[in-house]
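In what comes next, subunit A is part of two complexes: it sits with subunit B in the first one and with subunit C in the second one.
Moving on to the complex of A and B:
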């Protein structure tokens, strides 16, 4: 019963979409100043119908209605309440419904927020956005309906993959999706602005909001995913160059390039075509990501659906969108002529161009690295793996010039920079030199390239710090850049000075690492509702005789029967102590992995600082421009 | 003004000398050959997107033992990779290697980089020329 209502509700949503499309088309050509009220109402109804469908699915999960196929495949009556809810989007069908929900709420949000924008710009944006929405409605209804029925009704569900039963992963998909789907507004708005000859600094103000909004959520989503991978996947890393991680990084990179461009467009009214291209590319990358993940082509830890028809549908959809974009771009390009302005070498404009140059390069590396193996497999059925060695070789050498440019870029002024020599620069240089030297000595990696990397990063950090502590100017930029410099420093320190021991250990045995003694005290077993837990107790004693207790766990879930290992982590500001245990087959000893990970928490903190910078940008109301 | 100019240059020279003196000259500390570093670059063939290093599957465990044996037998890192690639195919190595089928993989991104640099160069160069006229 619930399922039928859900399905009908979705179907209504699709009908509303078609109506909105039709009415918008009719409304464009009349001479009224305001948008037809009908359209706004329909957008609201459309949103309601998806919310209804979504609530029905949540309800089906809550009451464990196993007549619903999605519930049957992904839930279990003994699962805790929280994971019954997050299980709604922990699967293909539900996650697409969530995608649809975010899509429709974004267009509603846009309709409300854009009241002061030109009427036709609003209408066209809604129109293009509805094309995407219709595409997704059909996709959900045709290939991935979350409301399929099973008969006879099974008495128990198959359960949710235990590694997905985690609070961080519960909120990771919704946050990430807001980021992904937010780019659909950027896309629709770019096409609409092209048609209306509205690609200018006024439009940039509007676009900036959506760009930053998507960027904030995408950054947050990636952060949550990394934190989850760090403590749940059990080997203490946070980034693996896994294809699905790459896929979230690609729109992030192009959004980052875009937001620098949007600001340039807003302040200087240049880079029009490039801003449009980036806006279009960003959404394409989001869709490509969905295609690659949902088709199951990728060999990845995220792959939980494998259905070629779905992949083909998204592929066709992607090509339709690319086709529309190309047509509109070439038909309306001359409606938005680029204003000829001199670009000085020492200017913020040049810095933005260089920033985009490097970001697009990194993006290409990741894009090619992710899809090249797929093409090669199709063409020559030769299977290759593209992993960390590839990315390290192509990205690391470019980080050095990138960071150098990035350290001086933000100090440039719009139009033209006049450098005036000030004593404080010497202070900065000394601070930077000292900080870099100390870091390099601390890491015991006395390498000149690493040293210069740190020079650039510390300079950027100090400069950004000055900007918001002393000058209190441009909070968004200085915050994000400070965060970025801190992030890179933390990652470098972390990757160069992490230490680990992997050992097979019996209860009562111990080992040493960095002047600390790790003692395996005992093992206890605990029975929980949906899993059995084997808990080890480890005591870590340093040379001052202070003891820390760590309790790593092995959980054996009942539905489905999967063993996961839960890391025990002791976080301090200087380092994380990270321990996991695993059972060794047929033997009565444990495989223990103990790691010292310096500056781990700073990786998360600095990413949060980056996000805060984005939040400041949204609320930044400075009107000053340099046109 | 002249005085300031002079002292500015002096300070600059001083800084450059300082940087050169302070530049640490060692190379990266040579990572001794160990199972962890090698197994990080190998795919666990029976897992979903995990490296041998990350995985605790039987395959990964026996692979780690295999690598340890080869290290003890005196093989270099590259020899071990070659051996495994010969046995399991290129799929096992996270480094796609340089070959006829992979040169585009390496080349396309670098081409983009050169292309992008050229665009920026001409954009700035042309805008200068336009305004000189």
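Moving on to the complex of A and C:
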């Protein structure tokens, strides 16, 4: 019964979409000043019907209604309440419903927020956005309905994959989806602005909000995913260059380039084509990501069940969107001529352009690395794997000039920078030289390139700090750039000075690492509701006889029966101590993996600082521009 | 006028190129979706193939082992490339277990692009037919081996000569073939 109501509700949502599409089309060409009230009402109804369907799916999970196929496949009656709810979007069907929910709530939000925009611009945005929404409605209803029934009704469900039973995973997908789906408004709005000849600084003001909103959530989503991977996958790393990670990084990169362009468009009314193309590309990359993940074309921790019909549907949908946007781009490009303005070498505009080119390069490398294996497989039936060495080789050398430009760029002024020598530059010079030298000596890496890398990063950090603390100007920019510099410094230090020991240990044995003694004290077994746990107790003693206790676990989940190992992590401001244990079959010893990871917490903190920068940008109301 | 015409022409050529690229990528993706992921080896019977030496860490002990030294331990070795995420490997595991009680045969696993933890729980769940399990975390060694995909199985003798190469999961016919080679 629950499932039927949910399905009908979704079907109503699709009908509302079609009506909105039709009415908007009729409303565009009449001479009224305001949008037809009917359309706004329909958008509200459409949102209601999706939220209704979504609530019903949650309800089905809560009461463990196993007549519903999605519930049967992903839940179990003994599962804790929290994971029953997060199980709703821990699978393909439910997560697409969540996607639809975010999609419809965004268009509602847009309709409310854009009251002061020109009527036709609003209508066209809604129109293009509905094309996307209709596409997703049909996709959900036709190929992946979360409301399929099974008969006879099974008495028990199959359970949720244990590695997904985690609080971070509860919020990681929704936040990431808000980021992904937010770009759909950017996309629709770009197409609409092109048709209406509205690509100017006024439009940029509106677009800025949506760009930063998506960017904030996408950054947050990636951060949560990394944190989860760090403590759950038991490798002690936070980025694996896994195809699905790349897929979230690509829209992030193009969004980052886009938000620099949007700001430039807002302040100077230039870089129109850049802004449009990046807006279009960002959403294409989001959909490409959906395609690669949902079609099962890639093998990865994130891949959902294999079903080629889904893949073909998204593929066709993706290409339809690409063609629509290119046709519109070529037809209406003349409507938004680039105003000829001289761009000076020493100016913010130049810096933004350089930034764009670098980001496009990084984007291309990642795109090629992700889809090249698929192409090669089809053309020559040859299997290759693209891993970290490829990305390190192609990306690392270019980080050096990128960081150098990035450290100088933000200090430039709009239009033209008049360079004046000041005493404080010497102070900066010495500060950065010293800080980088200390870091390089600390890392014990005698590499001049690494030194220059740190030089650029520290300069950027100090400069942003100055803007933030002394001038209190442009909070968003200085915050984000400070965060970025800190992030890169932490990642570099972390990757150069992590240490690790892998040993087979018996209870009562110990080993040493970095002047610390790690003692394996005992093992206890604990029975929990949805798993049994084998818990080891390790005592880490340093020179000063201070002791830290770490309790890594092996969990044996009951539904489905899978063993996972939970890392025990002791976080301090200077380093993380990370320990995992594994059972060795038929023997009484444990495989112990102990790692020292310096500056780990700073990777998370600096990403949060980056996100705060974005939040400031949304609330930044300075009206000054340089047109 | 002439300039405008040129610009217009440039635009058309550009969009045509773009169109072609897009169409090609569409068909490639489309084909990739329909691919059955089954590969057939290019067998060349006139030539003998030998396995190249490589060293990888063992899954449980983490000790670095050289394939050459391992192969010299028994008359015949099966090298099986597997992964916990590979669904056919689950079925194949029972075939490998049935092969694990021959005296002159050992089974060496190459764990391809897998998370250590998942690999171990896979073996706990389905049983462990492997005498040794080498971890190929980034998949590069399997490429040196000439692997097309997962699973893949080689039958190799003491002299490192490849006697048999099976692409995809082992079935009953392969089992008979292996039996007849070992009992010769």
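In this text, the second predicted complex is superposed on the first by the 627 of 627 C-alpha atoms of A that agree within 3 Å, B and C clash if a C-alpha of one lies under 4 Å from a C-alpha of the other, contacts with A are read in each partner's own complex, and residues count from 1 in each chain.
In the analysis below, a contact is a pair of C-beta atoms (placed from the backbone, for glycine too) under 8 Å apart; a residue touches a chain by one contact, two chains touch by 3 or more.
Keep in mind that what you see is a predicted model, and the values were worked out from it rather than measured.
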{"item": "Subunit C versus subunit B on the shared subunit A, clash or fit after superposition", "value": "clash"}
{"item": "Which of subunit B and subunit C A:319 touches, first, second, both or neither", "value": "second"}
{"item": "Winner by number of subunit A residues touched, once subunit B and subunit C are compared", "value": "B"}
{"item": "Which of subunit B and subunit C A:81 touches, first, second, both or neither", "value": "neither"}
{"item": "Touching partner for A:353 - first (subunit B), second (subunit C), both, neither", "value": "first"}
{"item": "Which superposed partner A:591 touches (first subunit B, second subunit C, both, neither)", "value": "both"}
{"item": "Contacts of A:1 with subunit B and subunit C, given as first, second, both or neither", "value": "neither"}
{"item": "Partner chain(s) touched by A:421 [first = subunit B, second = subunit C, both, neither]", "value": "first"}
{"item": "Touched partner set for A:311, first subunit B, second subunit C, both or neither", "value": "second"}
{"item": "Partner chain in contact with A:445 - subunit B first, subunit C second, else both or neither", "value": "first"}
{"item": "Touching partner for A:243 - first (subunit B), second (subunit C), both, neither", "value": "first"}
{"item": "Footprint overlap on subunit A, where subunit B in one structure and subunit C in the other make contact", "value": "233-235, 299, 301, 383-385, 387-389, 502, 565, 582, 585, 591"}
{"item": "Residues on subunit C engaged by subunit A in the complex (per definition of touch)", "value": "11, 15, 18, 22, 26, 28-35, 39, 60-62, 85, 113, 115-117, 120-121, 123-125, 128, 138-140, 143, 147-149"}
{"item": "Subunit C-touching residues of subunit A, taken from the complex the two chains share", "value": "233-235, 291, 295, 297, 299, 301, 308, 311-312, 315, 319, 322-323, 326, 330, 374-375, 377-379, 381, 383-385, 387-389, 502, 504, 561-565, 580, 582-585, 591"}
{"item": "Of subunit B, residues touching subunit A in the complex", "value": "4, 8, 11, 15, 18-19, 22-29, 36, 40-41, 43, 48-51, 53-54, 56, 58, 89-97, 101-102, 104-106, 108-110, 112-113, 116-117, 120, 123-124, 127-128, 130-131"}
{"item": "Complex contact set, residues of subunit A against subunit B", "value": "233-235, 237, 240, 242-243, 298-303, 340-345, 350, 353-354, 356-357, 360-361, 364-365, 368-369, 372-373, 376, 380, 382-390, 394, 398, 421, 426, 429, 433, 437, 440-441, 444-448, 450-451, 500, 502, 565, 582, 585, 591"}
